[in-house]
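Next up: the structures, one after another.
One chain, subunit A, appears in both complexes that follow, with subunit B as partner in the first and subunit C in the second.
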Partner chain A sequence: MISIKGLKHYYTDADGKEVKALDGIDLDIKKGEFVAIIGANGSGKSTLARHLNALLLPTEGTCTVGGLDTVEEANMWDIRQQVGMVFQNPDNQIVAAIVEEDVAFGPENIGVPSEEIRPRVEKALAAVGMTDYAKHAPHLLSGGQKQRVAIAGLMALEPDCIVLDEPTAMLDPQGRKEIVATVKSLNKDKGITIVYITHYMTEALAADRVVVMEKGHIRFMGTPKEVFSRVDELEKLGLEAPLAAKVASELRKSGIKLPKDIITDEELAQALCQ
Partner chain B sequence: MSINLTNVFYTYMTGTPFERQALNDVSVSIEKGEILAIIGHTGSGKSTLVQHLNGLLKPSSGKVTIDDIDISGRGGEAKKARQQVGMVFQYPEHQIFAETVYEDISFGPRNRGFSAEEVDKQVHEAMAFVGLDFDTFAKRSPFQLSGGQMRRVAIAGVVAMNPDYLVLDEPSAGLDPRSRNAVFKEILALHKERGIAIVLVTHSMEEAAKYANRMLVINKGKILFDGKPAEIFSQHKDELVAVGMDEPQVYKLSALLRSKGLDIAEGIADSAELVKNIKKAKGWR
Partner chain C sequence: MLSEITLGQYFPGNSFVHRLDPRTKILATLIYIIAIFLADTPLAYGILIGFAALVIAVSQLPVGMVLKSLKPIWIIILITMIIHMFTAPGETVVFTWKIFKITEEGLILGTKMALRLILLLLFSSVLTFTTSPIVLTDGIEKLLRPFKAIGVPAHELAMMMTIALRFIPTLLEETDRIMKAQTARGADFSSGNLLERAKNMLPLLVPLFVSAFRRAEELAIAMESRCYRGGEGRTRMHELAYKSIDYTAFGAVIFLAVGLAVLRWGAGLCAL
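Right, the complex of A and B next:
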């Protein structure tokens, strides 16, 4: 679905200094995969995400989406239709005064015939569980609901892939649960490829693969189990393993024998209480 | 020394179809010296509540006093009282505007009418507090700093005004775990060394459990619970979930281990404490 090879993204800051935001990234994302990207502030996560739908272009190397190279200007609209983006702030992503109009904005914009728009909007709202709110005013919704409307707006464009850049950073616990559940269901039930950037390690547990970034490089990647059992390495990168992994690692350090790959509460409870 | 809200009501857009009661008879006293966490779902009224603490919003009815002075007045005394409350809003880095870090941080104290020497002293102290080296950062443009550094500049700008009360709305939103810990270390130091009362609005149950000694749970414009975080989290779990809140992760894990027969104490707020408890429960040294 997405293939990134030797990708570098350099820019010059206001002091005239060259900043290497991405410095040689190789990453292949398969169709239907759920990939989480974690890394400290400034590690290059968002810069990488913005290459996936040609918001940013490589200084060196290539990024192809469904076989289309993002540097070819002629490919841009196809790529942006295939890969949708959700950002942190729900209030900055809503354009209309009624939920269903907001969701219809995308398809209208790309010239979807009007008789096709309504079914698309209905399907998109159903996919994020917001059908009951079709006639509501978006600004009166909760943060989690607004983010789901933003996701519905993308779904109406029938994308293959959705990239979410810290979609829960501004949400309360209920809103965070809603977004994680919505993203999981889009991935499992609709086969949408998901790229999910987050600072919450518990959210990354839902992914098939976790990519760990630092200073414009991918440091390591693997299944949540492989990545989150490397507690000390994560801490060195300014990150935090999920609580159960952290506790298990501390116990192991004081000489207690526990399996190396404990990352969930249940796994820890089982290891301790068998 | 305290901020007192007495029977405060607040209605948004009175007399329009969008009229909404955001605060409904809130009475609370915030004492100097405490760290108070305020939690509640989006739209619960917590941001409306904190905007009353320094007069950004005036109650539709009811009274707000800071150190016994009614802050609704126009006089110099009321203004002085309002200035005792420093506010750091969500994403404070978006409120940075000056060309250098020094100018940005000195804006507040200059506005408060501090003398030039006093301003300089406050800027130095505030930068030291938030861990920004003066010689490295004072002359730099704040817009070239990292997200975490910009947030520290913004917090330093409020600290430099030397407030008695500091209100922080989601100070860790969008920060990575290391920067989150760094920001809280600074906040705790401010509280300890200057005795500043901290009001922390947060969506993170972990932060409320770990840092606050008192917690307010706001729902539908009312105070649902007011007490020690440990007590509220352990005694009112179901009610919290019902209003869109949650238990901290460490409470969930502790409860699971208890249910499997391990003797883990109630109210453990961090992982190190939990590790100790597990070892004790298992008879490990």
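Right, the complex of A and C next:
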């Protein structure tokens, strides 16, 4: 679905100096896959995300989405329809003063005939569990609900892939739970490819694959079990493994025999009780 | 406190007037305003008042609420009335005090002007009471579209209004929050003379502007991500369409305007 080869992206900062935000990224994302991207602040996660729907173009290397090269200007709108993007601040991505009007914004932009827009809006709101709020004013919703409206706005474009750039960073625990559950269900039930950027490691546990970034490079990747059992390496990159993985690692170091792939609380509890 | 300010004054309902197309309501209001300026006899004013009363009744709005919309400008109405009373040229003096005198002509002219203002306001407030700001925006966009050829940015204006409607409550909430935070740190927004107060507002405006610009930038990126590329080739979920009730409304208000025109000039025409 998405194929990134030798991708480099350089910014020029305020002093005219070159910042190598991405310095040679190779990544293939399969259709229907759920990929989580983790990495310290400034490691280039947002820059990578913005290449996936042609908001940014590569300085070097290529990025193709569904076979379309993002560099070709003619592909831009097809790519943006295929790959939706959710941002961190729930307030600053909702355009209209009524939920359903906002969800209709995307289909209206690509010229979907009037009579087909309403069914799309209803389907999209149902997919994120916000049907009851169709007529509400967005500024009165909770953070988690606003993010779900933002996701519905993308679903109405019938995308193949949704990229979420730290969607839970400004939410309370309840809102975070809502978003993770929504994203999981879109992936499992609707087959939407998910690229999920987060700095909450527990959220990344839901992914099929976790990609670890540092200073514009991919350091390593694998299943959540493979990645989160490398507790010490993660720590060197400024990342904290889930608590259970850390505890298990400490216990192993002090001589207690535990399997290497413990990453959730349940697994830890089970292993300790044996 | 700030967030209690309600936007617009939409009063939801399902009356005949509520169900009219927003374009019908805007155009009918304009025609009614023209009719107001055609009126010059008590009979004509009586008809205008009757028509306004009929529209308010049909719209099922609480009469008190509609009348309240006059409140913010009653002082302007009063001043207009007084100025006309004292300045109109005329012979029949009704009242004098020192150099001031009120003539019969002045009295009539003053009342007329006040009545015109009141009718104009009442009628246009029925428009805003019965039409949600969002629908009103759609109506304005559609009405302005033919003028795109002469450079009127119809879609852009409508988009600006849409975004303003969406973000004004958010920005008000934010202002409220910053004000509370700064009051807690000892800032004072409610005492001192006008200049002092304006100066005290400065530390409020700076963070507010910074945040508004950040929001605008993020919103622009989010809109681009959702395939926004201007008004070209855009469709709408609710396409506006005139229905039979719209033709009834147009018929009524055009009949009113023509009737008043005949009342004004009809006698002259007959004499010819």
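Here, the second predicted complex is superposed on the first by the 274 of 274 C-alpha atoms of A that agree within 3 Å, B and C clash if a C-alpha of one lies under 4 Å from a C-alpha of the other, contacts with A are read in each partner's own complex, and residues count from 1 in each chain.
Quick note on the criterion: a contact is a pair of C-beta atoms (placed from the backbone, for glycine too) under 8 Å apart; a residue touches a chain by one contact, two chains touch by 3 or more.
Small disclaimer: the values here were computed from a predicted structure and weren't measured.
Of the two partner chains, neither subunit B nor subunit C is touched by A:Asp28. With both structures placed on the common chain, the touch criterion links A:Glu72 to neither subunit B nor subunit C.
By the touch criterion defined above, A:Asn109 lies against subunit C but remains apart from subunit B after alignment on the C-alpha atoms of chain A. In the superposed model, A:Asp232 lies in contact with neither subunit B nor subunit C.
Shared-chain residue A:Gly39: touches subunit B; no touch with subunit C. In the superposed model, A:Met85 makes contact with subunit C only, not with subunit B. In the overlay built on the shared chain, the residue A:Val95 is in contact with subunit C alone; subunit B does not reach it.
Once both structures are placed on chain A, no subunit A residue is touched by subunit B and, in the other complex, by subunit C.
Of all residues in subunit A, only 53, 55, 77, 80-81, 84-85, 87, 89, 91-98, 100-102, 104-114, 117-118, 121, 137-139, 150, 153-154, 157 touch subunit C in the complex they form. Against subunit B, in their complex, subunit A makes its touches with residues 13-15, 39-42, 88, 142-144, 166, 169-177, 199, 202, 238-240, 242-244, 246-247, 250-251, 254, 256, 265-266, 268-269, 272-273.
Residue ranges on subunit C touching subunit A, taken from their complex, read 133-134, 162-163, 165-166, 169-170, 173, 214-215, 218-219, 221-229, 233-239.
Per the touch definition, subunit B reaches subunit A in the complex via residues 40-43, 90, 141, 143-144, 146-148, 170, 173-179, 203, 205, 244-246, 249-250, 252-253, 256-257, 260-262, 271-272, 274-275, 278-279, 282, 284.
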